[in-house]
Structure formats: C-alpha cells, structure tokens
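Common to both upcoming complexes is chain A, partnered first by chain B, then by chain C.
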Partner chain A sequence: MSEKVKFTIDGKECVAERGQNLVDAAADNGVYIPSLCHLRDVIPAGSCRICNIKNAGRIMTACTTPVEQGMEIENDISELNDMRKAIVEMLFVEGNHFCPACEKSGNCELQALAYRFQMMVPRYPYEFPIKTPDTQDSRLWIERNRCIKCKRCIRTIKTEDGKNIFAFQERGHKVEINIDHELAAGLSEEKIQEATDNCPVGSILKKGTGFSQPIGTRRFDKEAIGSDIEKVV
Partner chain B sequence: MGKSVKSICEEYNNDATRLMDILLEIQCKNGHIPDEAIEEVAKTLNISKVDVIQTLSFYHFFTRDNIGDYTVYLNNSAVADMMGRADVAEAFEKEAGCKFESLSEDGKIGLYSTSCIGMSDQEPAAIINGKVFTKLDPYKVKDLVLDMKAGKTIDEMVEKYGDGHNASDLVKSMVFNNIRKKGPVLFSDYETGTSLKKVTGMTPDEVVGIVKDSYLRGRGGAGFPVGLKWDFCRRTQSEETYLMCNADEGEPGTFKERVLLTEKPKLVFEGMAVAGYALDAKQGILYLRYEYKYLKNYLESVLNEMREANLLGKNILGKEGFDFDIRIQFGAGAYVCGEETALIESCEGKRGEPRNRPPFPVQKGYMDEPTVVNNVESLCSVVRIIEKGADWFTMMGSRESAGTKLLSISGDCKYQGVYEIEWGMRIRDIIEMVGAEDVKAIQVGGPSGTLISPRDFKRTICFEDLPTGGSMIIIGHNRNLLRDIVLNFTEFFIEESCGSCTVCRANTVILKDKLLKIMSGKAGKEEIDELKNWTKFNKMANRCGLGQTAANPILTSIENFREEYEKHVKMDEDFDTGFDLASAVEESCDYVGRKPNL
Partner chain C sequence: MSKPVVATTSLAGCFGCHMSLLDIDEKILDLIELVEFNKSPIDDIKEFTKPCDIGLIEGGVCNSENAHVLKDFRKNCKILVSVGECAIMGGLPALRNGIPVKECIAEAYLGVPSVENNKEGILPNDDELPMITDRVYPCHEVVKIDYYLPGCPPRAELIWEAVAALVTGNEMKLPYEVVKFD
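Moving on, here comes the complex of A and B:
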C-alpha cells in the first residue's frame, strides 16, 4: 500500500512514505529536525513548535505535516534556528530549570537542545514561577517546576482499558499536568518506567531510584542531541 | 443537590462527548461542581477523573468552589474600563464587603472578573446569576447589593427591560439592541422560509454554486470564502456531515451576533437549514457562548416554532429526505472556542484546544466527520443571497469584499451600537457616522486586529485593506493607550490562551512583563525595538489565530504609536537592567534598622 515519494530538505534529496510525518521522514533520511514534544509512532501534539519548518514559504510544524511528493522543505536556516532557540529560552524562563540539581541532567532533551543551539543565557528575564510538585503517588513524582507541557505522558501512558492517567488542568500560562492517582496505582512497573523515559525533562520521575547512571556517561553528555540521526546516512 | 449527577448524565445517555452539558447542568443546579460530583461523573461516563477536571478547569464559568448565592461576573474589557469599570468595581467591593475574585464572608456574594461579555455598547456591564446588568454605576451597584442582601430573585432585580425581543417574556433582559444603521442584507424585511422554499427546488450543488458566485467571505474575521468551504466539505465522502454555527463571539468589542440572535434568530436558523441542505447535513449545532445564556429559552422557543412550521425537522417544507434539526450547545467561557477546531473540541466535551491541521474540519471535524463551521452573520447573509441572487449581493461592497458587514462600534463616540455598512467604507466616514470627535486611535477588529492612528483614517474597511470581524473600538484623546488599551488586550490574551503552544503560553507573558517595565520608566531606548522583535515569534510559531495575533496589540501600537513608548523610556540609555538596589535591600535594612547607603 505504501507509496514512496521524493522531497528535499535544504536541497538534500530524501525519500519517504507518502503521508509520514516530516520529523520522522527526515530522521530516516539522516536529517535532524529539532523537536521536543514529538515521539515516533505517537500521534503528534504540535505544541512545542520547535520542529517548525518552511514549506513553500509557510512556517508549519514538521511533526504535523505529512510528506508529499516534491516538497521543498527549509529546515536548517537562521530564521528558524533563532526561533527554535527562542522557544527553548522561553521554556527555560517560564519554568524553574536548575540543571545541576536535576536527576535528568544529561538525559534531558530541553537541556540538550539548549546546548545544541548554544544558549548561554536566555534573552528573556526569568519568571521564577511558583509551582507545586505532586509527590502524593507512591511510585511517581510529578515535578511541575520542570514540565514543558509536551503532553507525551498524556498521549502515551494509559490504563489497559484506554483511560487517561495524565491530563492537563487549567489553561494558558497556568496549565499544568495532573495525574489520576487511583488509576496510576494500577500501572505496571514497565509503564512507570515508560512514563519516566518518555518525559523529555525531569518532570516525571520514578521514586526510589536516582542517579543510577553517573553524570558524564549520559545520553547527551558526549554527543549533541540529533547527532545520532545525522550520523546514520 | 436537586437532581442527582447520575440522572443528569443519563439525560445525555452517559455520553462523554456531552460533558460540557453535564457540567453546565451541575454548575447551574449546584452553584459549583464539587469533588464528589467530579468522581460521580467520571464513574458514570467511564472516563478518568483527570479528564473531567481537564474540561472543567479549562472553562471560566465552571468552578470547583462555591461562588456564592449571587455571583457577579464583571466584565474587565478595555471598553468596560473606558466606561468607568473601576468605580463600579470599587462600589461592588465596598457594598459586598469582599474583594474581586473572592466570596463574601457569609458566602452570599461572589465577585469575579470576566473577559468581554458582548455588551461593549452598554458598559460597564456584569452577568449576575446568568442575567445581564448593563450601564452600571456606583449607585446602581449599591441598590443591587441591597437587593441581594434582601434575598430578591434575580428577575426581581431587573427593573426595566430593553428594546425589541429583549423585553419579551422569554428574555426579560435590560439589554438594548442599539441598532443604529439597518442595511439591505441583514436588517431589511424578509419573510421567513422564502429561501428555504427556494432551495428545495434546487440541487445542493446549485445552492453551493450560488453561494460561491456571491463571493461571500466568512464574517467571523478570517474571511474564508463560504462557498468554497462548503464545496470542500461536499467533496469528502462520508455518511454523516455536520453544520455548526459559531456564535461564540468573544472578540472584545464585538456584540453584533448578540443583536442578530435577539432580533433575527429565524434568519440564523434558516441559514443553518439552507447550509444543511447544501451539505446534506442532518444535524446542526449552534455553539452559543455562555454569556448569552439569557437568550436560551427564547431561542429554544423559536426553534420549536420553526419545527412546527416544518422549517426544521423531517421532510422540511415537504421535500422528501430533507431532514435537518438544530441543537444549542453552550460554551462555558473561553474566547479560544471561537476558533473553529477548538469549538469542535468543546462540542465533544473536551478542553477547547485548537486542533492541528491537516486534517481540516471539512475533512474530519465533529466526531471525526466532515464539518462546516460558519459564523452567525455569514449564515444570515446566505439566506438573503439565495433569496435575491448572487448578482444582487456582489453589487454591494468592494472588489474583494462583496455585500455588507455588521460593525459593533463602541468606545469614545456618541452612538455606540450595531451598524450594517457596505464593505469599503472609509474610516473617516465611520467616525462621522458614530459621532466621534478628537479620535486618537481606533482598534479595528478587536485585540487580534490593528490599532490604527489618524494617519490611517483614509483607509477603508474591507478584506483588501482593513479587514475586521466586526469589532471597532473608538479611542479618544484623553486615553492612555499603553495602560488602557495595549496592556488590557495583552492581559486578555494571557487569560484566554489555551496553553498548548509554547510561544502563545509563555511569550505573551514575557511581552507583558517587558511592556510593564517600559511603562514603569525603567527601560532604555533599545528596549522598544527589542520588544517589537520579540513579538514576531507569536506569528511564526503558534497553531491558531489566538496565538498568532496575541502580540498584535503591542506590535501595532509600536508601529503606529511609537511616541507613546518613547515617552516612557530613558532615551539616553540603551538598556536598563530594571534592577533597583534600594528596593532590593529595603526589607533587610528595615530588619536591622539601617538606612541603605547608596
């Protein structure tokens, strides 16, 4: 059934299945389109807006754009990279991200993107908002200071009969992640681990374990985020 | 609680997509939605508790806490401020004995702010227990609070009714229509059913063809051609198609749909039925903002009347297989639900978060079926286009904007109200028409539109020049633009953002903080351009129109009123850290009893 189509990203010729989303299609062709909320094989959220690319002069999120024959995509251009860096900076100032004290440091995708875009200090003033972590659950810890509202947990972690464990509450700049404690109690250990692993930052953490992987040996300690994709082809 | 939560859920077939209606009923009957009810709803609908809380906490008029026997929602829009809201708010606080956003000690009176309630032509206005109270002043507030303390019913508190159907038994509201100029399309005489009769003799394609030929563009603001939208929808193969009428007018300064729904509801519903015929849709939904809930009984009775006249229902006007009916879906206080995909989400019982496109609603909308969402005014225009023909319609207006447009005009002018004008009217002529003098600026198209200066008064209202969904706020010379307009609008966008896209959620707050810094006199001259530069990310990196236009108040005011910013900044400094050492050490100095030596 699958139909292969040809398209280009910054002039590089790529081939993918028609209708596949651009972030994954690019990755399969060795092109890294930076993203934060996207996860392969999960319905895209299109909410962090970091994967914005230019298609026929229009800016759109790559994770929600299906590949079509003959597309000419612009990705690694200064206009977009400055916007991506700005978004990363916005995420830093709207939350409370103290990397040295965070369990996720080195495995954190937000931190890794900040390094990739060579963020020294955000252009925006810090807001230092007051957020309340939810530590009520016996196995999970929701650290709202670090949440970037990517919805990965909402989209991926459900009960066996498909009910939501995570959801948003409130709206606008007050929006935060809420957890259904009753339903979370029924999650398997694997699901708990998955929730922790899927979180791009240190916002969902498994209790009873910490720093099991030493700092310095972690995913982004030695290689920039996206370099694994860029090495493939 | 009177009715049990269970029976309310049952009324809606325990259907989780009707969560909005269920929560509305609980809120209405109970005054708030207690935790037990949340649990019960989740259990009955077989969804998780956090899903219920997700929807509940998204909408302004759903509350988990008690908000009083009398709940005052006082509009805090820029126009309300211009018309004296501050004094009214102060009077409410003094008389009720509590501050805004809180409940009086005895739990009787709750005072809360709310975004524009569609009464800009009669501000300051408030919604109290679902009833609208307009043109408030401190004396009226005193009387109202006395009435509350005496335990009067809300109906007893309305002393005088407004004009037209506002005074009818089913409305009994003090709202006035303020129709200032009747045009040929929306406010001229029309015999209900004429167009519906006409379409039954045509094929759906012919109906779509006429609407396409009329070049009618969506009246909600975006201006997408109505006929084209219908055409796209017809091309999607599906068993079921839905037609929605967007009556969520939340753009501050807009109130024309309130007037259409009050005086021309049959025109609106007939427009929906015509669209239903063209799209082969069986079900229409009128998504009505909560603020207009006072029209509910009246609109329901109009629907019944039309059903009895066989203008709705089965085999409409004898046409075999032409079945179409309408239900009213209420919102619960969220500007973003005026965005068509957020509106659809809301109709499905979810938080009003705009969807990603593709797919577009015409491909996959309500319940994943092809759906057309049209504005109230657009659908009214459709009826007249069918009646009189596309040529009649295109004779009016400008090159790219056919027909007439309803404007809601408020602010510093003599004749605030609704005007039906032909597209292409000059701003200067509009100013004269509404009796405004000494105009400093005009906000065209509401906060998401443009703040124009007298340099632009020669321009015209139309899609090819100054487009508008209908809101027009006249700003007089004595107004402080940054404080009264730009800051208010920016705060509005912060309050109404759904919070999904990073830039809309975070950047709008950043922009407001910078604006406040400039207004406080603690900014250097480079910071105006810095602020302007930061606004560009809103347009670039947001999913929906709210996020994309949330920086417009700041952007267009810097472009057209830069001097207002320059007044505040230190022209001899490029940048100011905004750090004040004296105030930073004040507390510690106080504590140790020293004076700072700076």
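Moving on, here comes the complex of A and C:
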C-alpha cells in the first residue's frame, strides 16, 4: 500500500508517495531537480552529484533520497546551482568534449546542463586526457573521450538472461567503460538504440546514424533541459 | 568623442568566427557606426597603430606565432574576448593534444600522397617558421582573458550582443538559443 506524504521544495508544496526518490517525486510536482546520472524508474547510482539538494541544512543527492513526510527541501538556490555548475565544468575538463564534432551535440544532457547553467568556460584547466575509443563492434561505437561514468549503460542494458553488456575496467581516475562484444552481438536493434539513448553523452553511439537531425530540431536546441518538467504544473 | 577601437585576430582557427561576425547582416552598418577597427584581418591592418578597447580572439594557440600575437593583443587591448570553441578550449585543432608533435609532423610530411615527392623526408625547419607547440592551448591558459563567447562558431547575435554590450555598457541579453557549443 502506498502512502502519500507532503513535503516542500523551495517553499512549494508537493505530494508524493513515501519512499519515492526526490528527483522523480519533484518532477511529478513540476519541479526540476537537475540530475545527470539518474534515469527515471531505474535504481539510482548517486554517482554524479548534480542532483545535490539541501535537506535540513545538509547537502545530499536527491536521486538517492527517499521522500518523507514534512521534508523541507532547498533546490534552486545559488549555492547549489554553482556547485552543480562546477561539477559540469569538471566533467568537461576531465574528458575530451569537442562538441562541434560530436554526434550527440544538441541531444546531450551534459551539454544541456552546461547551457542551463550558462557555462561559458570551465573554471578548471583542461586535462586533455588520453583515451582510446572502441570502434570494433559492428553496431555500437564506444567513444571513451566523452564517457562521464554515470553507469547508466551498466545499469540498464542487459542480455535477455540478465547478463551485463557494459562494465567498468580499472579504478579511480583510470576507470573506463568497456563493452562485451560477444554479448553485444546478441542485442536486438531496439536494445542498441536504447543503449545509445540512455547514454547521456556521446559515449555510446549507434553506428551509421550520426548527425541525422538538423541543428535547430534537436532536443536541447530551443528548450532548456528540465523545462518540460517545469511546464507540467 | 572618439569611437571605441576593436581589434580581431584568427590564431589556430578556421576564420569561421570572423565569418560569423560578418553574419550580423545589416547590423554591420551599425557596427561600423559604433566602433573603429584597428589590427584585424577585416581591414588588413597588420600591426597595432593605437591602443584598443576590445580584442576579439578566434582560435587557440598551436604555435609560437599564435602565442606572440595573443600576448601582443593582451598588451594592446583593454578587454580580451575568447570567441568560439577553439579560443576557449582549443577546438578541433586540439584533437592532436595527446599525440606527440613528431607523429603529427610525420603524418603531414612523410609517406603521405600529398607529399609524394618528399623523397629525402624533409621536415619543415626553417627559422622563419613558427614552432609548433607541444599541444594546442586555450587562450586563457596563455594570457588573461576577460570574456568568453562559446559556439562553433558563436551565433552572430551573440557576438553582436557582446560587442554592443561592451561598447555601450548595457547589460547583455543572453537568450537560451544563442549560447551553444556547436
């Protein structure tokens, strides 16, 4: 039995099911909590920390915080927004993001967050790390220069019998995304598309489909990320 | 009162940002009313002839000449603006970052169809030629940059708005559609 609870975000009264994660609960109430690694209805990883909110004065990730009765959440405040912007900037300098040459540009959630926070230049020095893409697969291209290690692919793309297709290799700063080519060969075309769509950036790409949408018609060309949520009242 | 003076340059860029500046259509007439151009490929003035108010920099730093020009701009301009992705983060030329310069040069001059006649394997090494830097640098890693206009190229409206705001002192309008990285 689900139990409804009342809580507020920046003073706005919201209602949700107890235990629902805050990012999804906020969205159902027309409030956008910026997020990046989180995918709706997928068990959260809490890895990017873009969704940082303040609960009783403490900063925590909204995607891993279950809603409770009477919570008073702070979300759209300059302290948190600057922190989010700083994380976005860090992700830009940590990888090699050449947006003008990227197939995901215009549909990329990292780029869209940078637009939303009006990132003009990252505050950190560019690292230009050396990464090697994996182009071996006939249908998928793994462009590690752009991976932000959100684990969405690992969490959502599995074989029919539940085996992982994607996995991290190495640890810490060296961690990189890997694909099991043998298992990937058995994926349906829909799953290949899903892997591409679920990757928030241009790190997993279905081959032969890049740049198919003209500039001006892509997801974030005209509408800021989150504006669809904010439109629903 | 004399008009504010603008200088522009293209370092490791493709001139696309300059094209975008020219893409402001009839506002180009307003621009000429508003400012005077000094050192710039637009009027072909090669050296600074007076102190400038605004320097617009296209392209990052990929060789010693780029570094020299950029420092010269810093010395002669009150405000420097990085215009476009290449100035801001190196852009496509920075795709070579991580590849040793030696390999890049070999790729361009040795054993490739366009230089079939280079039998002795000569690499350009004339003193007159600028030295290639170890990697492509964003402008703000070489000199202090005051403002940034992203885009590849930045939308014409963005460049226009920025120059107009700097000249008039009015606040700049930044509509969502105008700040883009591609």
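Heads up, the rule we're going with is that the second predicted complex is superposed on the first by the 233 of 233 C-alpha atoms of A that agree within 3 Å, B and C clash if a C-alpha of one lies under 4 Å from a C-alpha of the other, contacts with A are read in each partner's own complex, and residues count from 1 in each chain.
Please note the rule applied: contacts are C-beta pairs under 8 Å (C-beta built on N, C-alpha and C of every residue); 3 or more make two chains touch, one makes a residue touch a chain.
Everything quoted here is computed from the prediction, not taken from an experiment.
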| item | value |
| --- | --- |
| Touching partner for A:C99 - first (chain B), second (chain C), both, neither | second |
| First (chain B), second (chain C), both or neither touched by A:N29 | neither |
| Contacts of A:K163 with chain B and chain C, given as first, second, both or neither | first |
| Which of chain B and chain C A:N107 touches, first, second, both or neither | neither |
| First (chain B), second (chain C), both or neither touched by A:V121 | second |
| Partner chain in contact with A:I130 - chain B first, chain C second, else both or neither | second |
| Partner chain(s) touched by A:M83 [first = chain B, second = chain C, both, neither] | first |
| Touching partner for A:S203 - first (chain B), second (chain C), both, neither | neither |
| Residues of chain A at both interfaces, chain B in one complex, chain C in the other | 125 |
| In the complex with chain A, residue positions of chain B that touch it | 46-51, 53-54, 57-58, 334, 351, 356-358, 494-503, 505-510, 513, 534, 537, 540-543, 578 |
| Chain B-touching residues of chain A, taken from the complex the two chains share | 44-50, 52, 59, 61, 64, 66, 83, 86-87, 90-91, 93-94, 124-125, 127, 148-149, 151, 159, 163-175, 178-180, 182-183 |
| List of chain C residues in touch with chain A within their complex | 82, 85, 88-92, 94-95, 97-98, 135, 138, 140-141, 145, 147-150, 152, 174, 176-177, 179-182 |
| Chain C partner contacts - residues on chain A that touch it in the complex | 92, 96-102, 105-106, 111, 114-115, 118-122, 125-126, 128-130, 215, 221-224 |
